[in-house]
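In the two complexes that follow, chain A is the common piece, with chain B as its partner first and chain C second.
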Partner chain A sequence: MDAAAPKNRFTPREFWAWISEVFDNYGILILAGLLLVYPFFFSALNDSIIWLEDNDWEATAEVVAEVRGFVPSTPLMIQILIYTLFGVAFNILLGNTGMLSLGHCAFFGVGGYTVGIMHAWIKPGTYAPDWMVNAFKVLPLEISLITCIIVSTFVAWLIGTICSTKRGVYFAMVTLSISMIFYYSAQTFDDLTGGTDGLGGLENMRLGSIGLRVGIMDANITYYFVYILSVVFIAAIWQVLRSPFGHVLRAVRENENRARICGYNVAKVRLMAFTMSGAVSGVAGALAIIYGETVPIENIHFITSGQIVIITLFGGAGTFLGPAVGSFIYWYLRQLMSVEFVKYLAIFQYWEAWVGGIFVLIVLFVPSGILGTIRNMTLEYREKKLLNRKAVAEALAKNADDETAADTE
Partner chain B sequence: MPILETKSLSKHFDALVAVDSVDYSVDSGELRSIIGPNGAGKTTFFNMIAGDLLPTSGQVIFDGADVSEVPAHERSHLGIGRTYQITNIFPKLSVLENIRIAAQSRKMTFNLWSTVPSHKELVEKSDQILERINLTEKRDELAGTLAHGEQRYLEIGIALATDPKLLLLDEPTAGMSPEETIQTGEFIKGLADPLTVVLVEHDMEVVLGISDKITVLHNGAFLAEGTVEEVRANAEVQRVYLRE
Partner chain C sequence: MAAGGVEFSEFVQHLFLGLVQGSFWVLLALGLSIIFGLMGIINFGHGAFYMLGAYVGFTVSDLIFSPFLGPNAGFIVALASVPIVMFALGMVFERYVISRIYNTENERFSGVLIMFGMSIFLPDFVRLLWGRPGKPFNIPPMFQFSLFKTGTLDITAYRSFTIITAAILVALLWVLIYKTNLGMMIRAGTNNNTMVKVLGINVSRIWRLTFGLGIALAGFSGVMIAPLFAVDATMGELILVQTFIVVVVGGMGSFIGPVIGGLILGQLWALTPLVGRTQYVVQNWTGTVIGPDFWEKASDILLFIVMAVILLLRPRGLFGQEGAFD
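For the complex of A and B:
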């Protein structure tokens, strides 16, 4: 046959396209699967060092210990998971509805403080009224988490009614200012919140139903607790974004006026998106205080809002799993620089500057984020391939026509 | 029975009187046109009917109910669909999704626990409309990448997908080539009855060929109304419009 016929070859480009396709379709399952076994992997790494030391392989043990410094630890993975959930919730607004909120620290903080305050103060010898203390011997985590969901949903709805009618920069500024009101309130009412020292004294957080203690005592148990809740909420958001309502969100993002003329109550849709996003951010905030067993005031500070914007844009605001990638890169880089790199070069102690620099580069050169860029490249490639195939088919059809014409002549 | 009526409908932008107490009435199933020179208030008049703007004074009566103060999205549910002079679609969504979004607005906004393809009637309806506007082959392309004429058709498709009783078309042939314009005229004629269609046009050829009745606006005020011949013969109209 002729040499122009397409060969069935597996090029690197096709390989990446394939990877991207698999990731698009099964990415959530793959990530969830990998994360499910992560603590086992990390424990195995720890155990191997001990085993090597016990068996007089001191040199090898040292090398493995050195390598371990570059592997994210289980507590770091807890942090990554929480910020993934936070980012996915935040992305309901930024990526899907096209609203840039700079006040998500309010929900993150309120979620954390709700659980924190309940565990710190509902015990004998505190402000809490007797009936409340007597109701539970030890306040179960289920109760405080459910309260947290209710409170953060309400707060999100309240803030949403105030600012979801605003657009663009005005929306960003109003959310930012409202979140600062929350921050200063937390600072002012320091009897209740611990103020700038953070709220401590919340030991003994346990799941009442199965009597399981979570917290700093056991990273693995806390990891799985956070893992299960994150997966449940992320799966719920995934479903919402592919539901008819999810399509409406994207329609509002693309063209608000058109969506309105199509018959959608845009204000209500935006408020709903804002409330959902805020409520889940509250849950993420609650999870964030469990391992540390304190509520640092930074959780409700603007820094947290900035972090989540960076994380989402790192990974790609237009993609569902972008925040997962962003969260991993952000926390992993932070850990690497401030713990490992700093051993060799003192300048790495200013990790914020480095991460900030990388952020600037990403915004300048790959504005759709890491996952977003990979996806765009794949789409482009697929389209090109489709066009090629069309052209080849047309050429073949034309050839065949010519031949039949020649035959009949 | 008129499906749409306006009673001394006016819109003032500060000192500027864009629409000056217009009385207008359209019967069900009619195909009507509104013409007038630039700045005659045609689009403002449309905006008040569809709800993009609220009138300064006067009433819009649709299907027997006063809708003057009803927000735009609710008017869409009552059965007013519209297109814009400047193409107004969802450029970064696929053609199919453009239609589906509009179609789904009749049934659900806050449906969180299903997926779109699982609603069979929605899929069927979108397919029918794509067939009707002749974009079935391009269903998966991004709407923004379509040719200008195709985008105009897509916008009409979006309006049709909301099951309107009254379809308002604001210069549907704007920017189209002469052949496309003739085609579109035929297409619009095919839409009328059972649908009621009102169009604003600049291109006299389209309007004259297909309308049951033509209304002429000038400086925001009603100038003349009648069949093609009547309007053509009207001395006032000739003075302000046809001669220009």
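For the complex of A and C:
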């Protein structure tokens, strides 16, 4: 009986449960804090190599340089941040509303192409009128980002109107098909979009209001630009999911008919969730092209949808921070495969095969993702503990009853 | 439409090409529709298995049999063996991968996700095995002639052969589904799976057979279309989406839906490039005349527009059963 009610509060299981609880409540702050100082860490690593070489510690410098190959670089962290934002936006649908959209590459690509086309084509000597060119010279990135939000919201609303009344797997099929319109349009109108080569030659990548040049010139500045925007949008989504609206979303996921009977307009809720998710995905798509200053056509291909589904599922579809974990693991592994592992085994250059294979394995064996599994384990553990306590209390009560009964006899 | 700058023979030629393309869509859409009807899984890997079928056919005919038997016999061996190989592959895949997710939480999502993962996995896996560049696949010599040829009209033997084969296959499928015991069980399972189980029929065996059948159809279409285009790892992507469009337009849950949908969309797809050559002049907003180049490329996009319109006006498709997706 004493064993069932542990006196020692910090068993290992208890510790992990505690970690999980802390991560649930403060994880977003911890991650944001870590990511805030990441570029300093990485440049310190770079500087240390230079310092070691300058001070005749070549052997040590080589070791540190070898280690640096396994540390994610700042540009990789930009990618991870962007896909975290994309994944969190995607998770509004998959994790919270229970809609599996395979067409999110459309928003990602449309966001990217909106910004890309504006930066590539709004200049003197094109169809763009003078007032537009002049305004764009003053505030280039502000104008293109706001346009991008408007355009991707509109596109998401349009697609949502067509397909948000569909359910389950049919929804997945329709969104995939519709998203491919944008891929083939980008291929077809290659004068405007650059076709299969992607759109290059983006100019004016700067924030006019504070005179900041972002883009390929400086990874650190781009990192903080992406960081601030991602944090703002992720915090907004966090707030939305905590609001009554977020609860309605989960009600629709759990039981649509019941939500309808409770008086919610399910079609409208689904459309709103879809539009919100698509709009933020468009912002992520715009951020994705800022560092490279090119728009690759792969951004709008359904492989991108596959990536984001993998990232979300791998991290845990029902959890808020799942996409962050998934995005980190996905991009880190992919970088390691294509840069480090491929030195030893040529088979690692076929990364799509690895991604697809791992994806199938995740769906088969870890369907609730990393954070989801940890959370389930914790819940199970707590439930068991509660049951134990209940059992102990009942046993004690029964004992007491027996004793009183014996006394009265 | 045949008026203006378009000759009648050119119009007929495009009708013919549309029929060829449409018959492939019909075959693929039927496979997709059968698997969906029974198992509730939309096979996102259909295009990938179609591509795999073409590669298997290439291996069987060009690498194994043609050197001994000549290209004609090699091709026939490939046509005969690919469905068998793909049927076996589909059954093995169902047994060892898909059957794991039955009766789990979110069964249908998991099935879709597994097949979606396969559609990412297989093209790169094929590149790993057969190399990155596509493979040439020639029309076998016995089909290298024209049945009928005047001016721009050229009814080639191989294309006619594919149309006839597809028609025979569709007829056989109809017989299989509506006239045999297995077909009866498939239809019953589509309607009410639990009830079929209760009647003491081995449902899992029927699911396995059906999945194998769908994959075999996809592989067979792949090897049949291979001589018309080169064999390439990305050949399954566009046709997968086009098959989805056919299924959405034709409607799921009926046999006639995918057939009619495929044929109509095939004609639309083939006739769109002709618009650019008619007497009617279309201008865009800057006043520039939209030339034939645009219409050549517009046919892929037109299909999507048709799908969007159908989804808005008649969500279940032209011949679909109401509530097939709820």
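One rule holds for everything that comes next: the second predicted complex is superposed on the first by the 386 of 409 C-alpha atoms of A that agree within 3 Å, B and C clash if a C-alpha of one lies under 4 Å from a C-alpha of the other, contacts with A are read in each partner's own complex, and residues count from 1 in each chain.
Here is the rule we use: a contact is a pair of C-beta atoms (placed from the backbone, for glycine too) under 8 Å apart; a residue touches a chain by one contact, two chains touch by 3 or more.
Quick caveat, the model's predicted, so the values are computed rather than measured.
K.L.:
May I ask you to name which of chain B and chain C touches more residues of chain A?
P.N.:
C
K.L.:
Classify the contacts of A:Ile19 with the two partner chains as first (chain B alone), second (chain C alone), both, or neither.
P.N.:
In the superposition, A:Ile19 touches no partner, neither chain B nor chain C.
K.L.:
With the two structures laid over each other on chain A, which partner does A:Leu36 touch: chain B (first), chain C (second), both, or neither?
P.N.:
Touch status of A:Leu36: no partner.
K.L.:
One more residue to check, A:Val266. First (chain B), second (chain C), both or neither?
P.N.:
Only chain B is touched by A:Val266; chain C is not.
K.L.:
Please indicate which partner A:Arg250 is in contact with in the superposed arrangement: first for chain B, second for chain C, both, or neither.
P.N.:
Touch partner of A:Arg250: chain B, not chain C.
K.L.:
With both complexes superposed on chain A, which partner does A:Val309 reach: first (chain B), second (chain C), both or neither?
P.N.:
After superposition on chain A, A:Val309 lies in contact with chain C alone.
K.L.:
Same chain A residues contacting chain B and chain C, which ones?
P.N.:
Residues common to the chain A contacts of chain C and of chain B do not exist here, since the sets are disjoint.
K.L.:
Touching chain A in the complex: which residues of chain B?
P.N.:
Against chain A, chain B makes touches at 50, 52, 71-74, 76-77, 81-82, 88-93, 97, 100-102, 104-106, 108-116, 119, 158, 162.
K.L.:
Give the list of chain A residues in touch with chain B in this complex.
P.N.:
Residue positions touching the partner: 239-240, 242-245, 247-248, 250-251, 254-255, 257-266, 268-269, 272.
K.L.:
Give the list of chain C residues in touch with chain A in this complex.
P.N.:
By the definition above, chain C touches chain A via 36, 40-42, 44, 97, 100-101, 104-106, 108-114, 116-125, 127-128, 237, 241, 244-245, 247-248, 286, 297-298, 300-301, 304-305, 307-308, 311-312, 315, 325-326.
K.L.:
For chain A, which residues are in contact with chain C within the complex?
P.N.:
Where chain A meets chain C, its residues are 100, 102, 127, 161-163, 165-170, 172-174, 176-178, 180-181, 184-185, 187-188, 302-303, 306, 309-310, 313, 347, 350-357, 359-360, 363-364, 367.
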